[in-house]
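Several structures are given next for inspection.
In the two complexes that follow, chain A is the common piece, with chain B as its partner first and chain C second.
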Partner chain A sequence: MWQSATVRTSLGFIALAIACAFFADFQISTQAPWQELGRLMLGLVMPDFLAVDFLGEALLRTLAFAFVGVGLGAFTGLLLALVFHSAWVRTGCAFVRAIHELFWALIFLQFFGLHPLTGVLAIAIPYAGIFAKVYAEILDETDPQPARVLPQGSGRVSGLAFTRLSQAWPHLVNYTSYRLECGLRSSAVLGFVGMPTLGYYLESAFAQGLYGSVGALLILFYVLIATLKLWVRPRLLPFYLLAAPFLLGSGLPIVWSNVSRFFTQDIVPTPLRNGEGISGLMTWLLDLMTTQALPGIWNTLLLTQIALVITGTLAMMLFPLISRHFTGRISGTLGHVALVVMRSTPEYLLAFILLQLWGPSMLPAVVALALHNGGIIAHLVGQRSNQLTLRQDAPRGLDRYAYEVAPRVYGPFLALLFYRWEIIMRETAILGILGIATLGFYVDSAIQEIRFDRALVLILITALLNIGVDILARRLRSRLRLRHTATSEP
Partner chain B sequence: MIKGLMLAFAVLLAPSLASAETFVFTAIPDEDETRLQQRFQKVADYLAEELEVDVRFVPVKSYAAAVTAFRNNQVQLAWFGGLSGVQAREHVPGSRALAQGVEDAEFVTYFIAHESTGLQEGEGLSDAMRDMTFTFGSKGSTSGRLMPEYYLREHFGEAPEETFSRVGFSGNHSRTASLVASGAYQLGALNYTVWENEVAAGNIDTDRVNVVWETPQYPDYQWTIRGDVDERFGDGFADRVQQALLDMDDPELLDSFPRSGFIPASNDDYAVIREVGQELGLLD
Partner chain C sequence: MSALALRDAVAEYGTIRVLGPLSLTLAVGEHVALVGKSGAGKSTLLSVMFDRWRDRGPALMPQDLGLVPTLSVFHNVYMGGLSRHHGWYNLVTLARPFRRDVHAIMPLLEHLDIADKCWTPVGELSGGERQRVAAARAIHQGGNLLLADEPVSALDGPLAEQLMAALTTAYPTAVLAMHDVELALRFTDRVVGIADGCIALDEPSLRLSAQDLLPLY
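And then the complex of A and B:
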């Protein structure tokens, strides 16, 4: 067993996470954390649907931003997928998707301000990068034979439509609808920076201790996501896409001169703006690196590695909840509901809630990341386990888990976990906005000080870090020969 | 679908006609949102009546967002703190401080402590505070961050991160009060008017928290207006806004701030805030 590369890699990750845990801060600093949690639970059990006259608006705007953002992202992504063989397009897409939606929103807020375009682009741009990559992979996996037998002189567009697109269509639709669910989460979270979506109202309600309203908002959000399949029908989609732009709200008008000011002044490093030349720039960069970037990177890495291992552990523990080898009809349904709630709650929102309850430390962040991502991976591993056929005389209970199912799903599980690695790191960085000293904390500080030159450098560093982890994860996947297909991606 | 998206984009980019001549203002989100919304909606109604233009209040989520909206000309007037006002006027040439509350000329910060610390009321900054946990308000706050940090550095001769075992940013003054009251942080620093407001409203259990120190006085909140409003809303508009603010005498309106009245202010009144901001590296 010790010779297995998979086992050694897993143990290496666990050892690293334990080492990281020695440096991390996991203190619960509030005096009555469980009392607050109790109040929140009470709010969930007895939600106050009447007190929130803005409930309808919150949901409508959340939907509108998700539809317009994901729609625009999918359309652009599809076009980019067709030219994805170009190294420029690939690099560009890797770059835009390495920057979190909230960071994009913070950038656009500086020149579009509280205009709906800020929220729409914050979703559309990173999503276009993700769509381009996954669509391209899906198209690559189609059978090339039909395209070869096309008659001479067939147009490129019709050739594409009748060969590769038509084959890949079900996968494309599947993936896009999954992304719509992600878009709803992103849209909700954008409220925390001022877009009129769910997060906006949730933050206010929390700040004022209105747990009844918090409960109502959360429950409606879960219902919205759980019923997605019921109301998002292919036939209704054009209608939604047409209506959504009109439902974004008006915000404040854009002043276009701000855009050029942002690019020609705001983001130019201060020493260059003041004519201090290259030496001034070097001092400025060095100072930024030592006082902000390096501590930020350190904490981001620490938190990522711990969260990754706990996510994995949780996923391996929870997948039996929806696996037919371990559950009956009723317990399976309950398990399903539990996992839906876990994965529907965006990490940011969960971390925000836990921070209110436990006070600031890495603990709320780790728990939030592990619950959300663990929920997603457990769901996918559970589905995978349902495809296994066990022998008639296979053992039951713990033996079945340890000797029959777990070893068979471990490969796919690791592949999924490595895929999530980059996502976990991206989220870790963003959780800094809530006050945990990861890179996002310093980005937020720079923005609060109206120093976009610094903010941008820090955002670029975050993006590079994410790209680095993505490359590392891909290397590991191929070294361990973990099969990985586009359609299995969460 | 492509057509739909194009249309969507066109709609998005179309300027909103209704807001073309609306005078828009904002305020730094230094307190509970419901309270701010009520207060500034009243101010909006009052200004609309006095100035005979449409006036709209826009709430924002952070101090920086207030400064950015002002800078981007998406709002023309704002109720800023000392530091955010200096930041805003620095970025918008021609903008000026119009009026401040009577109390703002001699503002102070309260340092508060949870009873479990054993610190006595009015005890002052002391070495007993070392290694306790401490929270500021917003990162961009004058009374919740800038001035308390300045006095902490002066007293302890080091960065707050070194003095205390944990330093946080609660987000706003109301939250600082409730975090220290709940014991989530042992110490905190906040705007004294918010503290007194919260105590008067019965939101704070004064048996569990008390004020251990109050800083020397410094200038704080003010109304700041953009320099180009006269071009847009007619000659003398900024002066009319100033007069309307100074004339505000409805006790209910003033109580909601709470201020006893408004007096004229100028950019130079805030030179000291600027210097402290530069000293702490928050301003260039």
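And then the complex of A and C:
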């Protein structure tokens, strides 16, 4: 078994994570962490739905931003997917999706202010990059034969519509509806930087210690996501898309002088603005690298590797919860509910909550990342295991897990985990905004000190790091010959 | 062990009856061949037998073999003996096999000419090799009764004979679904012909020739 390349790679990752753990900072610094957790649980058990007007507004705005952002992203993404063979488009898409929604929001906040456009673009831009890539992959997987036998002069658009698009349609719809779920989470989280969505209300409820309201908000959010299939119907979709732009709220007006100042002054590196030339720029960059970028990169990498391994372990432990080879009808349903709650909670929100409870350290971040991503991967691996047909005389319990199921799903599991690697790193960087010393922490402090030039360089570094990990993950997947299709992608 | 009997066995997919009602009694020490064209109900009958006689601990060799492609040949064969060991012992074996198990399984692999593939993942083997791994697994499981569905379909010539001999020597009582009529007659004591889910023929092999079985196909 040790000869297997997949097993050796996994062990390498585990060893690396253990080494990282020695450098990481895990401590609970609050006075009574479990008491706080108890109060939160009490809030979840006894939610306070009475603050109806602001609950309604929080949900309405969350939905509106998600629909407009994802709709715009999907439309742009589809157009880009048709020209995805161009290296420029591919690189551009890789770049915009390497920057997290919250970073986009932080950038747009500087010149659009609290205008709804900030929130919409923060979702639409990275989503367009993701949609373009996945749509292009889905279109590539369609059978090229029908297009070849079309009569001469059929026209590009109708040819496309009748052959590749119509073949790929169910997959495109599936993926888009999955992304809408992600969009709801992104939209909720945008509240933490000032958009009028769920996160905003959650943060203020926490600040005032209103755990009943926190519970009500969380429960409504779970219900919203769990019932997504019931209220997002193809026929209702045009109505939602038309109504959503009018429900974004008015926010604050855009001050156009801010926009021009941002591009002509704010983001120009200070030494260039002061006329210190290239040598001044070099000292400035060196200083930025040694005091902020490198510590940020170091912490981001540490946290990512630890979170990745814990995520994987959790996923392999939890997927039997929804696998028909291990559960009955009732326990399977309970397992489903548990995994839905885990994956519906955005890691940022989870980290925010845990940080309130345990104080700032890497612990809340690791737990949040592992719970959310572990829930997603466990769900997908569980679904995969349900496609397996076992022998009539297959063993039960632990033997069944270790010999029959785990070896068969391990390859797909690793493919999913490697795909998730980049996402975990993107999230790790962003969790810095909450006060954990990853790259996001330095970006956020630079913005608070009104040093947008520094912030932008740090965001660029984060994006490059993400692209690097994505390339590494793809190499590993092809080296281990892990088949990975767009449709299996979360 | 007393005789094995099926009485008025039926099998249905939804509302469509695919097997029976049929009754069949097996004497201990009997090797029975199930013959008939594909779709006649041989696999279904084997599956019903497995369900009915589960408490006798039969070894099963299904048509799709039920091997785990990512595990090595050794581990797949070892799986036949999973129930003989504790869970922790099996987990340790997954990481590092014990020498005595390797010693127990190696001769079997040598006998079936796949010892050189012992540590190769089953996913990398050819169809014939896989079938021999599945047979080795069934033999390693041990017991009194073997239920095998087309155990030599991917093999021909001497290899097929060798495997038939190995399976019938390892198990005193066996039911084997076969499509090779010659092999069926040579290696079994009794032939049961299945047509449209019912028994169309039930004779000792000695009294039959390949010609007699032609009407079944």
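The criterion applied here is as follows: the second predicted complex is superposed on the first by the 487 of 490 C-alpha atoms of A that agree within 3 Å, B and C clash if a C-alpha of one lies under 4 Å from a C-alpha of the other, contacts with A are read in each partner's own complex, and residues count from 1 in each chain.
The rule we apply is simple: contacts are C-beta pairs under 8 Å (C-beta built on N, C-alpha and C of every residue); 3 or more make two chains touch, one makes a residue touch a chain.
Because the structure is predicted, anything quoted here is derived from the model rather than measured.
Q: Going by the contact rule set out at the top, does A:Ser4 touch chain B (first), chain C (second), both, or neither?
A: second
Q: Looking at A:Gly113 after the superposition, I want to know if it touches chain B, chain C, both of them or none. Which is it: first, second, both, neither?
A: Once the two structures are laid over each other on A, A:Gly113 reaches chain B alone.
Q: Just checking: does A:Ser204 make contact with chain B only, chain C only, both, or neither of them? Give me first, second, both or neither.
A: After superposition on chain A, A:Ser204 lies in contact with chain B alone.
Q: Touching A:Leu79, do we find chain B (first), chain C (second), both, or neither?
A: neither
Q: Contacts for A:Leu390 in the overlay, against chain B (first) and chain C (second): which applies, first, second, both or neither?
A: second
Q: Touching A:Leu281 in the superposition: chain B (first), chain C (second), both, neither?
A: Neither partner.
Q: Scan A:Gly71 for contacts with chain B and chain C and give back first, second, both or neither.
A: Only chain B is touched by A:Gly71; chain C is not.
Q: Considering only touches as defined above, state whether A:Asp399 meets chain B (first), chain C (second), both or neither.
A: It touches chain C, and chain B stays clear.
Q: Which parts of chain A are touched by chain B and by chain C alike?
A: none
Q: What part of chain A is in contact with chain B in the complex they form?
A: On the chain A side, the touching residues are 29-32, 68, 71-72, 75, 109-111, 113-114, 116-117, 120, 192-194, 200, 203-204, 207-209, 238, 241-242, 244-246, 248, 250-255, 258, 270, 359-360, 435, 444-445, 447-451.
Q: Residues of chain C touching chain A in their complex?
A: Per the touch definition, chain C meets chain A at residues 47, 50-51, 58-60, 62, 66, 68-72, 75, 79, 82-83, 87, 90-91, 94-96, 119, 121.
Q: Applying the document's contact rule, which stretches of chain A touch chain C when the two form their complex?
A: Its residues touching chain C are 1-4, 6, 390-395, 397-399, 402-404, 407-408, 410-411.
Q: Flag every residue of chain B that touches chain A in the complex, lowest number first.
A: 1-2, 4-5, 7-9, 11-13, 15-16, 18-20, 24, 32-34, 58, 60-65, 67-69, 71-75, 87, 91, 133, 138-140, 166, 168-169, 171-172, 174-175, 178, 182-185, 282-284
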